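Look at the two complexes coming up: chain A is in both, with chain B in one and chain C in the other.
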Partner chain A sequence: MKLISKAAIVALTSLLITCAPTAPDMKGVDSAITVAEDVVTTNLMPWIEQLAYVRAQDIRVNSEGYEAKELYPANELTRDASVKLVQEAFITMGYTPTTVVLGEGPQAAYNVAAEWRGSTRPQEVVLVAGHLDAFYAGADDNASAVAAMLEIARAVRKHRFARTLRFVAFDLEEFGSVGSTRYIQAGYADDIVAAVVMDLIGYASTEPNSQDDVLGLRLPDVGDFILLIGNANSSEWTQKVTALNHAYGLTKLISVIAPGDGAYFLSSVFMRSDHGVLWYKGIPALFFTDTANFRNPHYHLPTDTPETLDPEFLARNVKAIAAAAALYAEVLP
Partner chain B sequence: MKTVYRFVLIIGFAMPLVSAPDVQAGDWELSGGVSMLLYQSVFSYQASTAFETALKGDLAGQWDWQVGARIGIASEQPELFTRCLVEAHVGRWQPYVGIEFGATGRARFQEGGKLLRETRMAMEDDISPVYIAGHTAPLSFNLGKHWRASLMEIHIGTHLRHMGRTTRLQIGIITLGKTF
Partner chain C sequence: MKKLLMLLIMLYAAAVNGQSSFERITWLQQSGVYFSSDRVTMGGIGIGGGVQFVYRDHWTAQTDAYILWGNGNALVTRLSCGYQRDGRWQPAILAALNLLGGQRTEILSADGQRPPIPQWAVGLAAAPLRFHSSFGSVSALEFGYGLSPDHGRCLHFTILSMGIVW
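Here is the complex of A and B:
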């Protein structure tokens, strides 16, 4: 009888251990932080100011077929000057960027890509992306993410990674994730094992009631946090990034995991950027955002200018995002 | 979605317990009706109306089988379906619930505007024509010995591959059936 009791206790204990929620595996966190530490935050605002400046001189993208309406000034989209600036920035850093042109005519998409090749598993690619097309100056939407991508691309060059880091500035996101969709459909994402996508990451407010709920998602009413959205495929990574961020106090982060793969019509609000098609195609992706029009009153307006951003908030976010990418890419000693 | 299915199943299993069985074994029912379908994907939808015809027979006890077809108005593609239903008889009230499997040519979406078109197309290229749905007819009544009328039948389902990525909500506006 004693033996049976002992066996029952062991079995029950094993079951409880199996069923208990487990803390995320923190392996690799310490080395990922070293990448975040190499982010030079004073580099960020100058990129944003340059992008705002060149966009003001740029010609508009042919918006035929896209109807302009309130908060969607389709005929105010630019991208050519941003493409050129991003290409030159990559070259200055020592990269050899490629511009992947997909589609034909005036609405062809110009996706600018550069790679920091992995050392032990280079065939596995971690994508770091944001869109480069913008309405008006587009400081928050989405110069903030382009600046983050460029600075992370610069910072990672001091490190070796197991996996390849690929930086892509997608085009024509504002026309419905056209650049990223074509990129994925054309097979350029077939080697991507994980992705970090950013869209509007620089606007914050400490005023009460500055944050609206994102449809169906109750959020604090002060818009001073960055929202990280993962899905089932990226839930473990999301938890790990959240734990890393809290452990090192990088930024004020709120994490959400969309149900399933996130590709349901009830959660379509969580798919409003280039990560949406990645999720749909089963690629684990993290999406960082300041929640766009649910917080930023300058969203898609001529007033989305660099001076409306919070440089310290942006800087903290970029460190967290750099760490997230480095974590998946696996920093080597 | 799981909650909906659980609800349908609970109601389905509960009905035979609370109702007086009054099934005439061997009865066949031929029915026809009009239904509306709202088919929803991440960024797309398709609303359509269809004529429906079905044949129902006795399976065992209060369990029935049904096969049928829907033919859409305005050149919609047809659907073929089969159902397993459990039926209750409470006086004239004859509600039923069940599970429907079908193959549909209506799992396509309206073109919509150019915005998001490419993303929509990329997200719809793996939608399977085979679907599963919960089906309920809560307002189904006998009209005399051989006739039955049903209003507002509800059917909630999804296509089988990547379940949940599409949702099909169908409202059976009116169905008339004749047993023989």
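Here is the complex of A and C:
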């Protein structure tokens, strides 16, 4: 008994001393940053303003089956005008977008996709995504991400990548990630090897107590950072993006790794967007967010308008997100 | 903090190895832990077991380990030593070292490093409803509170534990 006790004590003491953190691998970081440098930050707010404008005149999506509640105005969802705007934006950049219609009737999902084909491993796809459906003007939720996706799509055309970059604006996220779920179920995600998903990335505040804690996570009380969330499958990529961001001072970033696939009680709040279904499928995915209703007082309200966003904060975030996508897609010389 | 941790380990070792005339109790328990620091959140509710050594009726050292579900699968080991009342009702107060491993939510450092594992916390634990007979022991509603680096807090509770004397 004494021997066992001594052995246990030695083992535990050794464990405490030896389990030191490890630094992430920095391979590919220098070339990924060149993509971030090509992001034109002044392109972002005009997209958001256009989306807010067209949504004001758009017809509402049939919300049958979805009960409207406080902070969930199901009967105020629009998407048709946003679909058209994203399609036209891709065409203007030189892409040939496809609109993948999934489901039938008034709640069919219209996912708009465009690809920048990889040079050496084109069959491996890196997804860059955000949802295009929105309540009211939806400036932060989620015109901010659509604008980011469009600007990254424009910026990457100056570069060659090993892997294919696929940009997808998912539909009906607000009805429970309907567009992305159907996209995966229909087999469109079978060639996706990694994903970057954005949902609300443009609201910041420097006021004390402007940031609430997210369940299972202790955050600073000033909401001036972008949250990057990975899971076990994307942990190394999360580390690498964090190191890249730190090395180049792109944005104020807080990075989190959720346990396993992320679908546990204390981390379930991290599943609240289209990346959640990718995590379920085992696809490494990074999720960028300003934490939505844990910070933004305009969340799902008519006041979620472009003037409430912080353009500089958004611009810094888009550079970091562009670098994250480029890192996985592997920039070629 | 590290000196305190080492002192606790040494006290535990001394309590276990000090004398040959001690009583041993092995038990099963239902426990829960919530650990939260600036870098790590982990814990949940689960089951486990432990061994208790009692020296001269009052001095006790115990080791318990359990698996928790709630934020993935977390593993917790606890080394404790302290003082208990003699008799049928044996409330105890213990100093405890908690070592936490397994799945958790992590916040990375600015340069991308993950927090070290295991996380640890030192603190106090109380067992106000611990009862003992010549056959075994029953304890309900034990609770503990510990501190760890990065403003860590570790809340521990045991709903029920049942053990046998051997």
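Just a few scattered comments:
The criterion applied here is as follows: the second predicted complex is superposed on the first by the 309 of 333 C-alpha atoms of A that agree within 3 Å, B and C clash if a C-alpha of one lies under 4 Å from a C-alpha of the other, contacts with A are read in each partner's own complex, and residues count from 1 in each chain.
What we mean here is this: contacts are C-beta pairs under 8 Å (C-beta built on N, C-alpha and C of every residue); 3 or more make two chains touch, one makes a residue touch a chain.
In this text the structure is predicted, and so the values were computed from the model without any measurement.
Contact with chain C, but none with chain B, is seen for A:T238 once the two complexes are overlaid on the shared chain. Legend: residue contacts after superposition of the two complexes on their common chain; A:F265 is shown touching both chain B and chain C. In the superposed model, A:G276 makes contact with chain B only, not with chain C. Applying the stated contact rule after C-alpha superposition, one finds that A:V178 touches chain B and leaves chain C untouched. Note on chain A: of its two partners chain C and chain B, the one contacting more of its residues is C. Legend: residue contacts after superposition of the two complexes on their common chain; A:I257 is shown touching chain C, with no touch to chain B. Overlap of the chain B and chain C interfaces on chain A: residues 260, 264-265.
In the complex of the two chains, the chain C residues touching chain A come out as 5-6, 9, 12-13, 16-17, 36-38, 41-44, 63, 70-72, 77, 79, 99, 103-118, 120, 151. The residues of chain A lying in touch with chain C in their complex are 1-2, 5-6, 8-9, 12-13, 15-16, 19-24, 216-218, 232, 235, 238-243, 246-247, 253-260, 264-267. Touching chain B in their complex are the following residues of chain A: 65-67, 175-178, 181-182, 184-185, 260-261, 263-265, 268, 271, 276-277, 280-281.
Interface of chain B with chain A (complex): residues 40-43, 45, 113-119, 122-123, 162, 164-165, 167.
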